[in-house]
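For reference, chains read A, B, C, D and E in written order, and residue numbers begin at 1 within each chain.
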């Protein structure tokens, strides 16, 4: 018979081991640089739910896990693409301008990776262009990861530091998480 | 094994020595050199980065406010008086005077820490605003770290002075602490001039 | 020459102790504590030194394995063994390991082991700090390797140039790991340097004036001063880099007024002296070995000392020659060219003095001496290429090519590792009490010497043919394949020679010939102690009357008595003339340095992930140092004095 | 003063007034004011607006600039400096749109026409009934996607009345003509392509039966043009590009620029690297003036794209300049660049006031332009010669204008470059003065310039042209200029070339101005105050707090009841107000091209809105 | 162009500091030769002295430190140090004078080129007083033989280093610090340059060709580079252009004369005229181009070019179109 204290001790040891293992794995995941592989849900994602309201009993959707959301290199690639493909031209460094802000908690078309993926690929009616066919899915997923990091939705050790550019906002890795709020109303002008 | 032939006896040598006779004094000098170098590097970086700007502080950044920093600088200089008294008292092995002096100095150090916090405010710039802000914060932070460590050390040492386990040679520590204090407070004067005054003239 | 110890008369009321009595009491007082906790609490410079040396040697092996992987990848063009990501991590690990975790620490380690013995002391001046330095070093190195195996190995080269190493171009924590590893090793090196300086200044045996100090001790003194003035630069720079990456400061952000060249200046102001920090102790090894194996003092003692000091000074005037292609003004470049050439003069002086010593001595060609001969040949080649690259027009051609790789491996392996291996063979009997095998030693030497040249000599040619360094592969059309293959074969040879060395050590530890106190008939004080030495080193503190005390008094050394034997006590002497000045309490073994080192590790490691790490770490560190500093138990003799005073 | 009266009288008999709508009696010819001291004798006698056609008299307001000379001067004198303090709200009208309202309401006969920002709804309000009820509304239903190519809020600067039609532009680059009586669409012409980044926000101008329309999108890599459509059918008459070969720019034998550096063949190509001129900006999104005597239209061209100048060495002709063209054929007669190789987004599209001013003793036909780069230019409008250029704000980017070469003397240290922050660029990108039009009173001889006091830090970044996406390649952070205030209202004497008075405002004065015969100047502020100042002293006489910040253009008209009214749209937005209109996040200093950094306190000062306010004396 | 290719591939000296083809490289080579010769002589002398000292025949009993002998040795050592100093001083003087010659400012009529380093390719621009005559190309510099070429060196990301060993030594491209150098090719040929400063993943595959040609053919080349791309003549190539413009290609690359104006990747207006693709990594052949477009990460892992999954027919058309971009 093992004494409770002993088993407690072992459990604690197991817990410690699990924590260490998790830390180790997260380090691997964070630092990985796979140049040729594609994230799992890369090619096709199913139709994305845009509304909270569902007819009939509520079902939980399987959300797509964007592996790039745990990968610092992919997030920084996303940041580079964000600036290169002129996302920054409308959304700037997250404060918005022509397009809505991306560093705040307001999400018009959803904050989940698949929502953002759909927004980039499909475009949105109030001025968001559709990048279908212009970007590889791989690039879009990197962008998705970066866009989520802008409002602190990624782990801080994954989000980017400052760029070698003008200081205009606190760096992504120092941005406190803004709990996503689904705002149904596009900020663009409303019809009367 | 080689044998030994006794030629002298050292029993009568003292066990408590002050100043350069004490190894700890040399150790303190060593750390002063290391930390002095670090501060020097921050200062060098300050002037090196200055070259990248047309104006200093750059346009759109206010100059640092002087009041708190000037009070701090004055306090640092003046604090050397009680500390020198501690130093001398220690060499006299005057425990009571050392205790009083160390209490005073520790309080002064705590005041300096508070002033230092206000000095960051007085810089009028964030560390991540631009390289000017960065390097001004760097100088201040580097010195603040030493100040904090010295404050903690003084606290512990003062506590030790009231401990029953106190030994005579610990009083040599008061002297070494004083040496470090002279360095810490006097090195601040040029740094103060760099961080707070030079933006008014460069 | 008369002894300058003040003539303290024997206490009239006390009979002089017999040597056996003293030894018995010292054995009791200085005994190491038992068990794991005792092992972790040790503050003996010899146990710390041994751990240091073994740890550094393990890192040497790891760095060597990395080198082997790189040579395997480069053995043929467009090799697919490893990709760029792994290669870049590996070459960075190799450089970082060899420079920060092997070369500097191993030199400090040997110094920390030998210096107190050579100057007739009982321990280093601050034994607990010494233990702390070792633990910090161990944690730093272990941390780097743990992170490397977690795919978080740094990948920006051992000098981590910004902006590549900055937050924009090196996402993740890889560079932070590098920066903090550097900080760890800087702390340990700085601690060791303060340690050694004070030890040398204040705890030399009575009579060992500066003018009588062994050349090796001089070399460690010069090296320690260099560390003291060089390391803060890289420590500051790496902290700047870490802050740029963590809290978004702009030290190196050219857009916001930071400067990429600031990094290079700060780094090379450390980085150039770094080479000499590694090389100067090697000069000490060589001088010790040459004297012993030619059976005469090294010729030109003052010239040797002055040239080491000059090297130490000049080393700080060369940093810009690493930056000749950054577009610095021509006039400035000329100054650094001149300084870089000037530093060849002291090296010339040393080499000529050794040749003169050998010429006028009676050489014995034991393995340590072979390594010295090999050193001269290799170091000459490295020195010549060093003079060449001091020339700006030529440097612009070979800078950052394999020519440079060849150059600094000749300097560092030839100039430091060969003497170090010589030193291993030379002092191994002192440390372990057993001799290393001479035959295996010769194999070791010749394989190393040949392998070294086969590996690195072709690299000169590769550099001139345009092969840049730090490339993970090259195209077949470049025609670099053959020479690279040759270099890789040479690398195998070196690997074999290191295996031979390991076999030799393993064999010797089990069945090696027992060594007496002074198997080589050497001249310096460490050979007066037993092999291996007792925890208190010497039963009585020896008194020195010449530069070669062991040759002067081979049978019986003059010594002083009167240090307490019931507590750990050491003799403090004056700086210049080493006159006995005071008795100094030596601390008991304690676990607190280890705890403080753990706190330090927590500080630096958490600081990679969050600025709050500074707060957490500082609190822990504070607690650890309170524990460290707080007196435990009292010594009545001392206590009484203070009560009487107050 | 007699001459002035004559001028005003002449106003009544103008080309466009023969519209067909009922024409009311012109108000009594301007009285010779005795109360106000005449500013300067010479000025009082010689200065006048070039030609006020198509001004249909003081009663109405049929084009946003009031008249072809763009003076925005109303001859109505019921509201005076003496009684304006009694001004009160007459009625309001909500547009239902909450973006930036920059338009000027039009008053034609007894109907008021209001154009909203995107979705560009046109409302007709019946002034003859109490409370001015809605007559009809017209919805052009512009493409919603066009919002994505509007750089600086989805604004519209107004419509124009011509020949029984209300003609205006929609954001998605369509020009529509609507029957003024019924609200039925008469014609609709697509003039640009949003997929190339083109949008249209400007108010058109109709000259000799041609609707002049220009495109916006200097931040989207468009190629700028001015297009003339037939006012009757909407068919394209001609199109003059800003960049490209002479045939595209409509440069022909009549083209005689004044300065040698502007002379040469195909400068619109050769002053650009490669085919950068294809997407080099130079839109025509501002104001057009017309001189019937010389038969020339004048308009400015916008900034070259991208903002980062490193990728477009050369003068980048004919961006950030001014063209004089024959309205019939579009042929260029002269051109001049305010900012050759503009590096600060200093568009040249501001209003060009055509005045006849006494210069060095002789009356000269001039064009007065308060420009973004901080100078009030006085050009000979027949030749394009710069007669004078004087700073009216704080400038660090240039040291004046070299009258010999016509080029500004730039300060090289302040030129933005790739990868480095250049600090304290003053004026900032919106310039000392942006689009918000000034007014000029023949009575005081003063120009009333609403403008801002902003500086900026800028860093050029890598430029990447992708059609339909922004092409700016700069990170900008604006902030208040010296003094800390961000807005100014300046009265400028174009003859004496100096500031006569000036008023500081907390926020940029982003609204237009109007000055009346009663010597009152009206303008609005971004925190929602509508203000009346004494035109001579600048003293504030009256203010009214509206529901949202004002960036619209005030107008004044005579109601069917014979009373003088003042109308303005309140609805914050535009580039300056994007932080509120777009709900932007002020933690990003670069948001909205860096304007957000200067407007971080605006959300606390005002909220979104869209309401027309009409004021009258009790 | 295959001649150029041939030259690159068949001529190993195309990349060597020891086969100088320009004045600076020649100076460096001269220094090398003299220093190398001196080093060999000195090395042999010192080693001979060492070996002699170690292995010389010794009398059975030599008195250990003999003062007279020590004095003699002191003189010998002093002399050796003196000679060392003289040799070093000679080096110093020749270095400094060589340094002067190398860094002399280029003449006024030098060709002005801007070379911008990107991770991991080179952007090359030829300046002209008329902006329209600027030429932008990538990974290949053409220069006329016998004329100075002044190069402005810039970087938009990290530090790179421009180094054509046959022509001149290297110079870093440092963000925030503008640098420049000049070189001159004395004989026609193709010279390879590598990035010499470690710049990240693909530092190994960041090369550049310097094509030195006769002034006439250079002038022809430059004129041709100013042309915009021709409108595709046949259906295959026009389909190819369509593929280019409608796919991800146009997001990063520009082709003058088409709406593709992106500058993130190399300008492709005259792609087919270049000898290599992927910054000197592969010969510019149809097969390599196809491989590069479809799976660039196999060729340059970590490069910025994304993989492109194109329909085979589209790929064929695209390749056909790209081949028309001469």
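Following the convention adopted for this analysis, contacts are C-beta pairs under 8 Å (C-beta built on N, C-alpha and C of every residue); 3 or more make two chains touch, one makes a residue touch a chain.
This structure is a prediction, so every number in the text was calculated from the model and none was measured.
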item	value
Third chains touching both chain D and chain C	A, B, E
Both-way neighbours, i.e. chains that touch chain E and touch chain C	A, D
Longest centre-to-centre distance from chain D, chain (CA-based)	C
Chain pair with more C-beta contacts, A-C versus A-D	A-D
CA centroid of chain B to CA centroid of chain D, Å	63
Separation of mean Cα positions, chain E and chain A [Å, integer]	40
Centre-of-Cα separation between chain B and chain A, whole angstrom	47
Rounded Å distance between chain B and chain C, as computed from the means of their C-alpha atoms	30
Chain C residues counted as touching two or more neighbouring chains	83, 85, 163, 168-169, 247-248, 250, 253-259
Of all residues in chain D, the ones touching two or more other chains	419-421, 457, 459, 462, 464, 466
Chain B, residues touching no fewer than two other chains	52, 58, 128-130
Each pair of chains that touches, named by its two labels	A-B, A-C, A-D, A-E, B-C, B-D, C-D, C-E, D-E
Contact footprint of chain B on chain A as seen in their complex	162, 167, 170-171
Footprint of chain C on chain B - complex, ascending	1-17, 20-23, 26-27, 30-31, 33-35, 37-38, 41-42, 45, 48-49, 52-53, 58, 93-96, 127-135, 137-138, 142, 148, 152-153, 156-157, 160, 163-171
Complex interface listing, chain C residues touching chain A	83, 85, 147, 150-152, 163, 166-169, 171-174, 244-248, 250, 252-256, 609-610
Residues on chain E engaged by chain D in the complex (per definition of touch)	127, 130-132, 134, 136, 154, 156, 175-176, 228, 250-252, 254, 256-257, 259, 261-264
Residues on chain C engaged by chain E in the complex (per definition of touch)	83-85, 88, 156-157, 161, 163-164, 168-169, 254-255, 258-261, 295-297, 299-300, 303, 325-327, 330, 333-334, 337-338, 341-342, 344-345, 348-349, 351-353, 355-356, 358-363, 365, 373, 376-377, 380-381, 384-385, 387-388, 390-401, 463-475, 477-479
